[in-house]
Amino acid sequence: MKKLDMLTPLGMAVGLTLVAFAIISSGGVMGFATFIDFASFCIVIGGIMAALLINFPLKDLKHFFHVMKESFMEEPRDISALINRLVQLSEIARREGLLSLESGLQKEDEPLLQKGILLAVDGIEQEELVEIMMAETDALEERHRKGRLIVEKAGEYAPSWGMIGTLIGLVLMLKNLNDPALLGPNMAIALLTTLYGSLLANLVFLPMASKLELKTEEEVFYRQIIIEGVAGVQSGQNPNMLREKLNVFLIDPYSKGKGEKAEEEIEK
Amino acid sequence: MKKLDMLTPLGMAVGLTLVAFAIISSGGVMGFATFIDFASFCIVIGGIMAALLINFPLKDLKHFFHVMKESFMEEPRDISALINRLVQLSEIARREGLLSLESGLQKEDEPLLQKGILLAVDGIEQEELVEIMMAETDALEERHRKGRLIVEKAGEYAPSWGMIGTLIGLVLMLKNLNDPALLGPNMAIALLTTLYGSLLANLVFLPMASKLELKTEEEVFYRQIIIEGVAGVQSGQNPNMLREKLNVFLIDPYSKGKGEKAEEEIEK
Amino acid sequence: MKKLDMLTPLGMAVGLTLVAFAIISSGGVMGFATFIDFASFCIVIGGIMAALLINFPLKDLKHFFHVMKESFMEEPRDISALINRLVQLSEIARREGLLSLESGLQKEDEPLLQKGILLAVDGIEQEELVEIMMAETDALEERHRKGRLIVEKAGEYAPSWGMIGTLIGLVLMLKNLNDPALLGPNMAIALLTTLYGSLLANLVFLPMASKLELKTEEEVFYRQIIIEGVAGVQSGQNPNMLREKLNVFLIDPYSKGKGEKAEEEIEK
Amino acid sequence: MKKLDMLTPLGMAVGLTLVAFAIISSGGVMGFATFIDFASFCIVIGGIMAALLINFPLKDLKHFFHVMKESFMEEPRDISALINRLVQLSEIARREGLLSLESGLQKEDEPLLQKGILLAVDGIEQEELVEIMMAETDALEERHRKGRLIVEKAGEYAPSWGMIGTLIGLVLMLKNLNDPALLGPNMAIALLTTLYGSLLANLVFLPMASKLELKTEEEVFYRQIIIEGVAGVQSGQNPNMLREKLNVFLIDPYSKGKGEKAEEEIEK
Amino acid sequence: MKKLDMLTPLGMAVGLTLVAFAIISSGGVMGFATFIDFASFCIVIGGIMAALLINFPLKDLKHFFHVMKESFMEEPRDISALINRLVQLSEIARREGLLSLESGLQKEDEPLLQKGILLAVDGIEQEELVEIMMAETDALEERHRKGRLIVEKAGEYAPSWGMIGTLIGLVLMLKNLNDPALLGPNMAIALLTTLYGSLLANLVFLPMASKLELKTEEEVFYRQIIIEGVAGVQSGQNPNMLREKLNVFLIDPYSKGKGEKAEEEIEK
């Protein structure tokens, strides 16, 4: 169900293109060579890795690339369709009883909705039903927080290791001032690690960690609709009342008009 | 109903005028040319854009310019008039019954007040009435927080990308020290991105994000008066008591005297 | 009732004297001229103003100077006298009934105490009485927080605009390296804005904002004594018990001995 | 039961190897000598020690090395096995009564589980049982927080003392500019303390403090399963229901499939 | 009862010795003279004082030296002895009645314990007893927080005023570049204020403020044991149960074995 979130690679491409453009516009195509230095790259990436190895237990680190990949993925969530589905379930439940929902469960592709309906059919009490679904959502939030923490920490260590690399370069340069002609180029190389660290923090780790946080918020929001909807279905709430209640989740932040239009469309 | 908030463009004009004045006073009108560099401008603006593209999902980014525009707008809110209106509604409700309020609803131009009265007329219980109106206000606050977050993040990325631009410039300059006469000018250009980043953060993004936060606080405050007022109207509270209760919202922070005068004016 | 808080101007005088002393001890009286530069001053002050204009709505900005003035004022509050007064009121209330308090109300110069007694005399229930007085205190705290926010923001923008001024100066200086003799003096002028920004932040805005916060805390503390006292008066609590209860507010932080002496004095 | 956490020394080895590699790649093996300076090392380590001596009481400082050692240790915790054990206990309790659990207690190697069962056998009420076990877990969390605080503070003081060392070096260097040939090497030595401080912060103290926090979180998580399990055992909950309830703790963050497989394995 | 906390002066001595050692090892004994500059010292200390004068009301400032002195003091607290005493009181209370505790009160040297027993003997209700003792502890915590705030603020202003001093020195130096031979020494003097500010922050104010916070936490912890113990004594709890309950406070963070031994010793 997940598809590529184009914005993440697009943003990175835009950022790198701009850096390339800035280099070419001042230093020409030949300027590129100045900005690639393998040892500098190793110390920044390696230093971040070293700090993360100390910082995280193995079972969290194993998820690092998986978490990074998550920020390139998005799960399209159609809130209107979800509300329609919930209202439909509530109509069936009122007409044919809660038990009749069990037959359609296999077709449900949202696991939390499936589980919620199953619990409702099992005759579990409303309060406990909501509690179980909330507990699972809290656990999901907590796990995402932990995964995100690795990316955040990488974004914190990146500039620090950039500075450590520059300090090493500066000390070496200052110790060997015998050839003043090399002063500039050596200093340039020393500064590269700071540049790498800043780029990794501001073009990769920090925006990614922030996007992962927003994705988690969105998923939790989606799950809240499911939880409120299933609770309504179970308690046999009037389908129109339920639609009214769930529609407050629909409102689009900065386009009241459109939001209302969307509501009307659903009501049809 | 919204009108231009003159202070936002005024502040920007003041800031830019001062920067211009500082440049002219030291460097003459010719100094301006030094401060305009297209490549430097591209790397800062583009870098911020790149980071925001990674940081936010498309549906949030689409609101970016809308949110920016919000900080140029203000919605004049007359709290005294609102309190008078609420007290008037409470008088009508006590005299002619809650149902009589329905007829005047069309003329109400504050949507939350309209909705609240409608719910009260529908005979919904007080607790639930307040809960629904509060839920809508919380949702509004949350949506505004999300919109503001983009501006805040732009203000965080701006100085970082300014520094990245300066690092690129410094590396290029240091690598090519063959012409010492160019050292100064090249260094000047390298510093421009840091200047751009600082100006964008301290003259545009950070003050704007802060103003948006204050506007949201003010809107929530206004809505709280409506919620308290509608609750009072519904429960058939004595109009004078209601006025007394709502007047605490009126008090002007640093001018007790004036605040009290304002109260008296309303009471007439 | 308010009087000048000598410490605020004294602190500023001490700070400025020290800066002057440091300048004279190194650079002689002639050194002063170096530190006064009108354009530098304009860019820092103007930049802060520009950012504040964007950051705050007009109705908050209008209070800026008033808020600044507040940090030069103090309201002497005699907690022992207040407790004595509250105990005295409680004695009268027990001897002659709550209604007898109304006659002495005109002489009360603390508005919150006046209001509280009035509400108690009106026969309002204890819980609601405390709630109303707390609500007013919360509102006062919130308004003071908003006023203080402008001073805090000024303290945040000051060093940023100092740095912007220095960047402008550096770019101009580097672009025109033709006369190396001017390098030093131009650099000196460029640094002035950073100095101004730091002084404004660390000698004016930040300590002022912090003092305003402490003043608000103190006022809230004083009001809590009034609220507890009025609640005790209304419920007809034993005057000795009430004194005992209110005396816990009296204890002086770092001088137990003295604090206890103070308590004893009151008990006489 | 504890065993070596390989990642902590591995991360440090990776970090130091990279620093060595960066030095050799630019400065050759001879470059190493430049980076070792006893006086610089003393001022950074000694300064951190001095600040910690002032910052912490002796009884906390005594644990410093113990806490550091903790971040090299890990306690393998098998959550599946724990859940199986708890379900097994619940089956015994239902079949043979709570008292029958006492005989097997000696073999239990998890102290909290042992204590919990003992309390349950003693017939203490459920609410109090959970409260006691939670209180002990809170106390553990608090003690770990205090121990971690020393490492965090060391990570805060490290860069500051690095900077103090560099300032001392710079002042000495600038005072004695008589031999310009020594300018570079002296500056290099001055920068070493900043490098040491950054490495200590970013390769030792900060990642360690962060790992200690994660370890505490994990231990608290493990204890929560025990608490929920013992509560279920005491209240005579159906073993299958209990397994269902405890299995929510099992889910692996980024591999739903695998997590479910793990669940199935347990159910066999 | 208070005695000198040797660690605070020891830490300062260690820090200053290291700074001296670093100076001598690079600059010889003669290097010391370079690091002492009266004007530089005045501007840092005076600037901090000026900011504190503005920041705090007189009645808080008066406690400044007292608070500083507190961090050189420690109050030895024997938790085992306290628990033994509380259990003993509970035995007496059960054997001879609560009133019999009054006779031994004069010998009690812990004021809170004395007060608590007195209140219990007076027949006050348990809930109110705990509330009064908690309120006093909260007040103590709040007062300590306020005292600590002055030291924390001094630690914040110290580096800022160090930088202000350096800026003044730099401006003076740059303005008078006529004698390049003085460039180095003047720059050295300019940097001294930054060094002083850093040392004051990282060797005096920040570690002291942090120690004061830990001391307050410890005192509050000790008082919680008293409160729980007095509550147990009043309610006539079984002395063995009370000891069991209070022993959870005893456990030593990183030495389970030892902690348990300590428990056993007490139980004898």
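We call the chains A, B, C, D and E, going by the order they appear; numbering starts again at 1 in every chain.
Keep in mind that, in the parts below, a residue touches a chain if its C-beta (ideal position, glycine included) is under 8 Å from a C-beta of that chain, and two chains touch if they have at least 3 such contacts.
This is a predicted model, so every value here is computed, not measured.
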Using CA atoms for the superposition, what rotation angle relates chain A to chain E, in steps of 5 degrees? 145
For chain B versus chain C, which are copies of one sequence, does the interface use mostly the same residue numbers on each side, meaning over half shared, or is it different? different
Chain centres from averaged Cα atoms put chain D and chain E apart, in whole Å, by 26
Using mean CA coordinates as chain centres, what's the chain B-chain E distance in Å? 42
What kind of graph do the touching chains make: line, ring, star, complete, other? ring
Traversal of the chain ring from chain C via chain E: C, E, D, A, B
Chain D residues touching chain E in their complex are 39-40, 42-43, 46-47, 49-58, 60-61, 63, 66-67, 70, 135-136, 139, 143-144, 146-147, 153, 157, 160-161, 163-165, 167-177, 189
Under the touch definition given earlier, write down the residues of chain E that touch chain D in their complex. 5, 7-8, 10-12, 14-15, 18-19, 21-23, 25-27, 31, 34-35, 71, 74, 183-185, 187-188, 191-192, 194-195, 198-199, 201-204, 206-208, 210-211, 214-215, 218, 248-249, 251, 253-254
